[in-house]
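In structure tokens below, several structures.
Below, chain A partners chain B and then partners chain C, in two separate complexes.
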Partner chain A sequence: MRHRSLLVLTTAVTAGALTLSACGSRDGGNSGNDSSGGGTTVVIGLDAPLTGDLSALGQGIKNSADLAVKTANKNKEVEGVTFKLTSLDDAAQAGTGQQNATKFVGNDKVLGVIGPLNSHVGESMQKVLANANLVQVSPANTAPQLTQGPEWQDGKKVRPFKTYFRTSTTDAVQGPYAAQYVYNEMKLKSVFVIDDKKTYGAGLAATFKKEFEKLGGKVVATDNVNPEDRDFSAIATKVKNSKADFVYYGGEYPAGAPLTDQIKKAGAKIPVVGGDALFSGDYIKLAKKNSEGDMATSVGAPLETLDTAKEFMKNYKAAGYKLPYEAYGGYAYDSTWAIVEAVKAVVEKNDGKLPENADETRKQITEAMQDVSFSGVTGDVSFDEFGDTTNRQLSVYKVKDGKHVPAKTGEFKG
Partner chain B sequence: MTARHPQPRKPPPDLLETGDDRPRLGERWAAVPRRTRLIATAGLLLTLATAAGLRVLDRPGPPEPPAPWPIHATDITYTGISRPADRQSRSFSFTLRAEATSRTPVTVETLRQGYRSLRTHVTPRLPTTLRSGHPHRITVTMTVRSCKDLPLDAGLPFLDVTLRNVRARQEISEILGAAYAHDLTQALRTICRPTPAPRHSGTAHSHHPVTSFRGDTGSMSPAAPRSGNRT
Partner chain C sequence: MHDLPEQLANGLILGAMYGLIAIGYTMVYGIVQLINFAHGEIFMIGGFGALTAWLWLPDGTSLMVALPVMVLMAMTCAILVGIGAERLAYRPLRGGPRLAPLITAIGLSIALQQAIWAFYPDAKKDLSFPQFEGGTVHLAGISLQRGEIFLLVAAPLCMIALAVFVSKSRTGRAMQATSQDPDTAKLMGINTDRIIVTAFAIGAAFAAIAAVAHGLKYGQVSFRMGFIAGLKAFTAAVLGGIGNIYGAMIGGLALGLAEALATAYMADVPGMEQFGGGAWKDVWAFVLLILVLLLRPQGILGERVSDRA
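Then we have the complex of A and B:
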């Protein structure tokens, strides 16, 4: 009948109108371009120790960078661009890191490099990448000279490579902060300083020692270890006999963990304090129960206090990676995202596409990196004139009941 | 004989009658001119679509994000010496610029330099609440209780500050940078290591006492060079 037909038509049109308006309100997350896939593939290289003693940290870096790449592709973050991650293992060796840098340079599709973990590997890679104008963002290097030059400690800061950036803060702050905390707050006045003679460990121990002595602390002895060794019984006995209040270890957890274990077994029930390379679940695991009370500083504020990090932690878990993101996962995610942002800036500058010449593209991405600024997993991400992060927070963690628990957080205004 | 009631006549299409025998809605609608029906239908659709759109707009938005932790919601910057070190009062003052960086106010509960030999006095009196867009000037006066064991040239001195907002209470280290380190060193050295008065070769009646000079006990590397902005 005619009136029924009209009623049905009215309902159908209204329902159609409602459906269209509802679709519009759900569409907030899309970038506005419905094209699937990208016309250009941009490769981001990653160098980290994926095998060997530090592989737990290296795999956390790799997985986190992978998550960032997947997220960028899913969100179609850069119009017309699909990102791909190519990871190479450096096994924490400077020579291998340098070879990897050469491989990245030789691949025209590689427009940015994440890594490495170790400062001494970073030193070997910098020049190779800089010669090719290939931007490098490390999530974990902390040796100050990588961005501030060899005379940074005398106040003569000179940036050695404009292609090198990092999202982690430096040992110039980490060592002295630990000294101030231990001396003033923990009231520990005498220390036995040990380091592994590597760039990171020796440098960190030196900055710690200098500040500790300025505060009035007493350095009862200093010594070195070979980080490949695992028998530290001789030095543990020296520590016991020194009657120091604590040990400061400049080095990484594969040696740091058995060192603290053997020091306690030798009868010196004193804490071992170190830097971010002791801030790992593996340190606690390898030291068995003898890491209780030990302390480590690390870059950044605890991830639990960062709402931006919660999303990262949730997504990392959902992605199903077998190994945890560890100390540098958040920084690796942000380092990768910084490259994504730099690529985006260059695409926008060049009428929606990357320059045809790879060398020119790399140069522009490096330039764009200097102005990158976004809210990342670890907080606000941007870089100063040296390529150092402007987010200079760091924390002290204490091992309590088998876990690293935040003890204090600091913010550096330099 | 039953009276025959006349059958009611069908009303003309444009007349509506009340009563039990009044036309149904559909019949009435059919009686409306076609043009009028079309305009009415369009108006109804527009009204319904507008109502639907307004309902979408009125839908409650996503929940407000939680307030950030105090360390991520506060900015404290060293702005320079306001009263130079005075050996008599053994004290000096400096200022900080403090501001909340998110919409949530932050309360500064305590503030001190972590050296036992230094006493700290803060103006305005603590606790004081910081709000975004309204930077506070905080004056910190430090008085030296004892020069013994006081670190005179630490490279990275910091203030221990307790902050609180609706999210958490947090004790943080405000590491104020090279300019603060330099000024603190200079102030502490002025109070704890006085320099000698100049010698005068005058008459026997002129008495110019020479202040005892402790001197350096070893090589003292200078504190961080003067740098940083002083606003």
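Then we have the complex of A and C:
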């Protein structure tokens, strides 16, 4: 029976391998040198997917935060304080994000954390950081429950963690905003809704669906996919035969690009509409011509149209980063700058230096964050009582000639 | 159910790809009783080989012209890695405890994946693969993508070629003999080492063809694509009866059909609404595997072989 048992063992090992591979890879933090020529060094921790298929967005976040740190040091924004960025890779895995959060907490020099990109990773980091009073500002988490508690949809908004802030708007407005745009301005009345069952994707699809039905639109079918899959032929055939006017996809571009590609190849020439996680140049690169006409909503106004963003874009280019800043670059810059401002406020409060005790410093920075207000890359940055940004601008982008072109910018009115 | 023909086509095409990869698992298992877990990575390297060939060719080369070069390059890369794996990782362990080559295979799989991740330019994210120009082809009410036609032509040709090779050629018959009893085969003057290398090479070549088909169909390759594809192909090989080359193809087709049909219709079965949809298709594919293994532990086409050793 040796062979049979070998087969059973092999199957068990396969299952193990599946689990292991889900843990993803991790690469060490960037250990920069500590030489600051006197004064205090404040480390800002950054957590984002720097590898894997969301790395385009993650690297954009990292570079933009790096630019903010360099700018703050160059301008001597806070007298006597040198900022340093330490980046960790979460590979879009919740478990890895949590480990990274623990690492940040363990380092006394870390006084603020930027990130992560993914809402489900954010969910796993919140408590670890909150227990240590370490402030966290996410440039990209859009799931509403992160700031408003799990029962936000029933109107019971409770802020779960007072250390958590974000500079991006939430899916509670992003999904409905897309619904209003498509229904009122594109005049498309029937939709096939697909999501990837992740915190971000499922939440986005649900808020979209609710608003679209409220407006009078028809949801002809719903379906879901595994975000790791690349074969969507069966769903593409279903979409084609459903005769829907368009597809709404709650999910991210690595699966979104092949999905739109296969829907069009199956013969359904209808646009795919999605959230800010489809708003990446890689989406177009992967789906090529079949991404034409697709739409993505994203938080804030297009950077190109904001005066405050022009300098950021100029400096980003001058700094010579290899990869573009992508959808969240501006928000990452503002998140970093919010931490710089909070540190500045604490330094001013304590007669020009930070408190000796790291726990005390972290606590004061968290408190200072609540009152931070400055003019950032993406507009005026400040936080409401839930830690959400007070900037509620949204934009719709449409793929035209291989580029995301802004179609509309506005504020969501419920 | 009006889209049944199309869903069947989707399932068969996906299944043919699983089947092509599964051949590599089943041939190696049939001869050395080793599950070559690095086979999924050999498939992935085939994909990157094809992409490299495409990038080397001058811009503006038509894909029709480039395709043979790409297939050749994919096969060369995959076969080299396959043979290298056999020579360097598995042969030194032959005759050792059975667990040793298995663990080595898993290690090799991770090493190959990370090597591509680290050294292939820009491979840290999905890379786009060339696509055929032109729209969908309609054939008897079924719409086919241009990229799928390659697979539809290649898969049956490969199967026929393999069947003829194994049953008619000298090496093929030596292969069968080695799989039945390696020691006696050796006594009869068969160079079993060469036969084993041949099995690895054929498996790698088939995986390379599947990889080109994968690239053409989905328009992208990534360093992680071998993992899921390898897992599915391994499942297909077990489903069809591991060690049986026809079983690998049958198992692949069954798996592909199960996935497509579960995605398309499971939600329509009363009481199953919440278990329908694309995210559940793997669950149904594995339910099928468990059912088959419960009723026929040797797999669909597998024969109940008395255990050697």
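In this section, the second predicted complex is superposed on the first by the 373 of 414 C-alpha atoms of A that agree within 3 Å, B and C clash if a C-alpha of one lies under 4 Å from a C-alpha of the other, contacts with A are read in each partner's own complex, and residues count from 1 in each chain.
Keep this in mind: contacts are C-beta pairs under 8 Å (C-beta built on N, C-alpha and C of every residue); 3 or more make two chains touch, one makes a residue touch a chain.
These numbers come from a predicted model, not from an experiment.
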Give one of first, second, both or neither to describe whether A:Ile339 is in contact with chain B, with chain C, with both, or with none.
neither
Touch test for A:Ala277: chain B only (first), chain C only (second), both, or neither?
neither
Examine A:Leu286 and indicate which partner it touches, taking first as chain B and second as chain C; both and neither are also allowed.
second
Examine A:Tyr177 and indicate which partner it touches, taking first as chain B and second as chain C; both and neither are also allowed.
first
Partner contacting more residues of chain A (chain B vs chain C):
C
Considering only touches as defined above, state whether A:Asp223 meets chain B (first), chain C (second), both or neither.
second
In the overlay, answer first, second, both or neither for which of chain B and chain C A:Val81 touches.
neither
Chain A residues touched by both chain B and chain C?
1-4, 6, 10, 13-14, 17-18, 21, 25
Within the complex, chain A is touched by chain C residues 2-3, 6-7, 10-11, 13-14, 33, 35, 37, 98-99, 102, 106, 109, 114, 117, 124-126, 128, 131, 136, 143, 145, 217-220, 222, 224-225, 227-228, 231, 234, 238, 242, 259-261, 263-264, 267, 276-279, 281-282, 297, 307-309
In their shared complex, at which residues does chain B touch chain A?
25-26, 29-30, 41, 44-45, 48-49, 52-53, 56, 59, 65-66, 68-69, 71-72, 76-78, 114-115, 149, 151, 153-158, 168, 170-178, 224-225
If we count contacts the way the header does, which residues on chain A are in touch with chain C in the complex?
1-4, 6-7, 9-11, 13-14, 17-18, 21, 25, 51-53, 55-56, 194, 196-197, 222-226, 228-235, 237-238, 240-241, 254, 257-258, 261-262, 265-267, 282, 285-288
Would you pull the chain A residues touching chain B in the complex into a rising list?
1-4, 6, 10, 13-14, 17-18, 21-22, 25, 155, 173, 176-177, 179-181, 184-185, 210-211, 214-216, 301, 305-307, 379, 393, 408-414
